[in-house]
Amino acid sequence: MAVTVCASPAAAVAGVQDGSTVLIGGFGMAGMPVALIEALIDQGARELTVVSNNAGNGDTGLAALLAARRVRKVVCSFPRQADSWVFEGLHRAGEVKLDLVPQGTLAERMRAAGAGIGAFFCPTGVGTPLAEGRETREIDGRTHVLEYALRGDVALIGAHKADRVGNLVYRKTARNFGPVMATAATTTVVQVSQVVEVGELDPESVVTPGIYVDRVVVA
Amino acid sequence: MAVTVCASPAAAVAGVQDGSTVLIGGFGMAGMPVALIEALIDQGARELTVVSNNAGNGDTGLAALLAARRVRKVVCSFPRQADSWVFEGLHRAGEVKLDLVPQGTLAERMRAAGAGIGAFFCPTGVGTPLAEGRETREIDGRTHVLEYALRGDVALIGAHKADRVGNLVYRKTARNFGPVMATAATTTVVQVSQVVEVGELDPESVVTPGIYVDRVVVA
Amino acid sequence: MSTGSGPLDKHDLAALVARDIPAGAYVNLGIGLPTLVADHLPPGSGVVLHTENGMLGMGPAAHGDQVDPDLTNAGKVPVTELPGAAYFHQADSFAMVRGGHLDVCVLGAFQVSAGGDLANWHTGAPDATPAVGGAMDLAIGAKRVFVVMELFAKDGSPKLVPSCTYPLTGVGCVSRVYTDLAVFDLGQDGVVVREVFGTTTDELAARLDVPLTAALVP
Amino acid sequence: MSTGSGPLDKHDLAALVARDIPAGAYVNLGIGLPTLVADHLPPGSGVVLHTENGMLGMGPAAHGDQVDPDLTNAGKVPVTELPGAAYFHQADSFAMVRGGHLDVCVLGAFQVSAGGDLANWHTGAPDATPAVGGAMDLAIGAKRVFVVMELFAKDGSPKLVPSCTYPLTGVGCVSRVYTDLAVFDLGQDGVVVREVFGTTTDELAARLDVPLTAALVP
């Protein structure tokens, strides 16, 4: 249904429930929707499961959400970075659970959720601890592990421009998880640099069609 | 590896083996690589399995390939059209086999082949004759049927422009199966309107990166 | 519950469906009768049309100079592009369909069962060339599937049936059926007659082999 | 088979790997030592670099005014864009990786087994925060996986081993190992020593717990 252009990040994240699964875009800081995460901290939802490639940098954004003790579990591929002290401290103390997923499998599981695919057989991780105890199958001479769709209640992503019907374009490698997460959540909230009029984006170059977008805010 | 810009459609389709699986782009005539199909008829490969959304229109293109008795089997979603008399005649006479696949499943099976996914659980077609006798599984309260990746030896597709490293852009709904088939074949051959210099296509708007393209010809 | 003077013609039927499509909805209209619904969407409704060959924001049929062989709908008819349109490839288009992102899909049918099963792709005749296209994906993918059809076939047999005799397109997927004689809701309450046109629920009950419930007048 | 005067430093090692990358290849270079390979690709080689965060046609590291926070490599280091580049999202990027479209991937390693198993994501230490990123996808996805590493760890233990003691990244995926002391091919013929640097195959055989075969001099 039609997109809402919100007046503030607070309005954009209104209504996130305790216990939600929140997909958060970005790879490091590129594409990270910092204003939306800050608004989510103010909004106050607790016991969140956060799905994101990393587990926060420095003391802002996702790291601040973690530090505010709003997150029960992080599903990610690469929590250990030079400046991921907040997550590492909480994880070591047992205060945040970690579900480690290979980066491509993480993206593909969200794509599956958005694409109505229940599960898929994937060769990544076979024979490693991340596939231990999981269902496998030989297909075409190769062992695959069964991976399930990963769906979000809310996606918070960053993009470059939106038009007023929610079509999105991104900038360079800041595109990363945004387009996939937008398809995989019940409600998709986008932080953009600019909202343009309908007709200003080239229909050949739209990366995320407006059908996947619920709320947009300039921040 | 690097793309070859071919001098003629004949050069572009050289080497197709008897018995190959050939993915042919297009939805009706939009995006149909007619010059490549005509060159394939001249090239002479036989006993082909053709994967394409439709099964030929009128007496040209894919219909002509069928009429030349080069095709053993057609894998498609919609063979019956107002002008699909060639396929219908051959199929009724038992001279061409038909493997009917729902359109979305056809696209997704080729995407899986290109994406290294061995198989996937899909809700489409459950309870219909097209899923009869197939493996199913209940996931999240919904029945899914197991669909396997569908790979091609060769893909023949149409695009709008290529640059000299094989990046492609398409025009409007002629995009259809091209980007998916390009990923799913060992050798991808593209008929374009124009080859432009490297740097002339906007990196944000490239639809098929050159990594998926082997041969390009202007036709 | 409105009752007109007689059965609806196909344009009235299309208008009736259009009336029930919410403003701003993302909608796929099947080939044939469902395509007519587009002509009856009110201006400014913000309804966005999806065509499964790879586009959102499809406009009306193209005429004359507007015709572009690279721009067609799923019936291969030349169409136009509206501002705010977006193009995508087949895997992305059907990810959108199958992933439950379309609000409404309007399809034609050979038969619909009381339980919402849909048969619209194959008559089952042994000499017919089967063709399914995107019908099965649309049937199971859209949030709501509306069927629009004549209630009785040319031979007089009902097309709303206890159980489909034609090969199925999807199981339990249809939520509403618009016909020339009545509109039916299919769901947990069985077959509920929402509106009748030039007939009565009792008359329909006599001609159909499925139990009918009259909707409570709101 | 060249033999230099001593072990290779990391730049010589990177140059050695670069020499073996075919012109026009699509290549992913892992974080750390593998990244140095880019500096040694000859101009005009047509090698196209993939970065798994969503780009083909990655250029050298960005400096000064070139730095754009929206353009980084997989190590989150600002990089530049070359003509002919293309951007794509994560699902498309890893479809490319997992689907076998990259010609070569160059990765670092903690350990490589004689059978080509790779361990490069986790030391197995119970207090270490595990992080895998795209390592497992790259390990099983690229047509050829090259490892570049020092042959012995700081404590003197060999990193080319009969079987990995660290948690695996991928099984039987490594086809060649470039080290400061030698280059090894892993395959059906076991571990074949292609080149040695300031040492001999016999000396290496004495220090490694895996059977070595000297390559036939071409």
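We call the chains A, B, C and D, going by the order they appear; numbering starts again at 1 in every chain.
Keep in mind that, in the parts below, contacts are C-beta pairs under 8 Å (C-beta built on N, C-alpha and C of every residue); 3 or more make two chains touch, one makes a residue touch a chain.
All of these numbers come straight from a predicted model, not from anything done at the bench.
**Student:** Along the shortest chain of touching chains, how many steps lie between subunit C and subunit D?
**Tutor:** Steps on the shortest route: 2.
**Student:** Quick check: how many Å separate the C-alpha centres of subunit B and subunit C?
**Tutor:** Centre separation, subunit B to subunit C: 29 Å.
**Student:** Nearest whole angstrom, what separates the Cα centre of subunit A from the Cα centre of subunit B?
**Tutor:** So the centroids are 32 Å from each other.
**Student:** Which whole number of Å gives the spacing of the CA centres of subunit B and subunit D?
**Tutor:** Those two chain centres are 35 Å apart.
**Student:** What are the residue numbers in subunit D that touch two or more other chains?
**Tutor:** 55, 81, 87-88, 94-95, 97-98, 141
**Student:** Do you know which subunit B residues sit against two or more other chains?
**Tutor:** Residue numbers touching two or more other chains: 108, 111, 115-117, 122-123, 170-172, 203-204, 207.
**Student:** What are all the chain pairs that meet the touch criterion?
**Tutor:** The list of touching pairs comes to A-B, A-C, A-D, B-C, B-D.
**Student:** Which bits of subunit C are touching subunit A when the two form their complex?
**Tutor:** For this pair, the touching residues of subunit C are 22-26, 46, 48, 50, 55-57, 81, 83-88, 94-103, 141.
**Student:** Report the residues of subunit C in contact with subunit B in the complex, numbered from low to high.
**Tutor:** Per the stated touch rule, the residues are 51-55, 68-72, 76, 81, 87-91, 93-95, 97-98, 117, 122, 127-137, 140-141, 167-171.
**Student:** What residues on subunit B touch subunit A, complex-wise?
**Tutor:** On the subunit B side, the touching residues are 108, 112, 115-123, 137, 139-140, 142, 144, 148-149, 169-172, 202-205, 207.
**Student:** Inside the complex, what are the residues of subunit A that reach subunit D?
**Tutor:** Per the stated touch rule, the residues are 27-31, 53, 77-81, 84, 87-88, 91-92, 98, 100-108, 110-111, 122-130, 170-180, 207.
**Student:** For the complex, give me every residue of subunit A touching subunit C.
**Tutor:** 1-2, 111, 113-117, 163-165, 167, 183, 198-199, 201, 203-204, 206, 209-212
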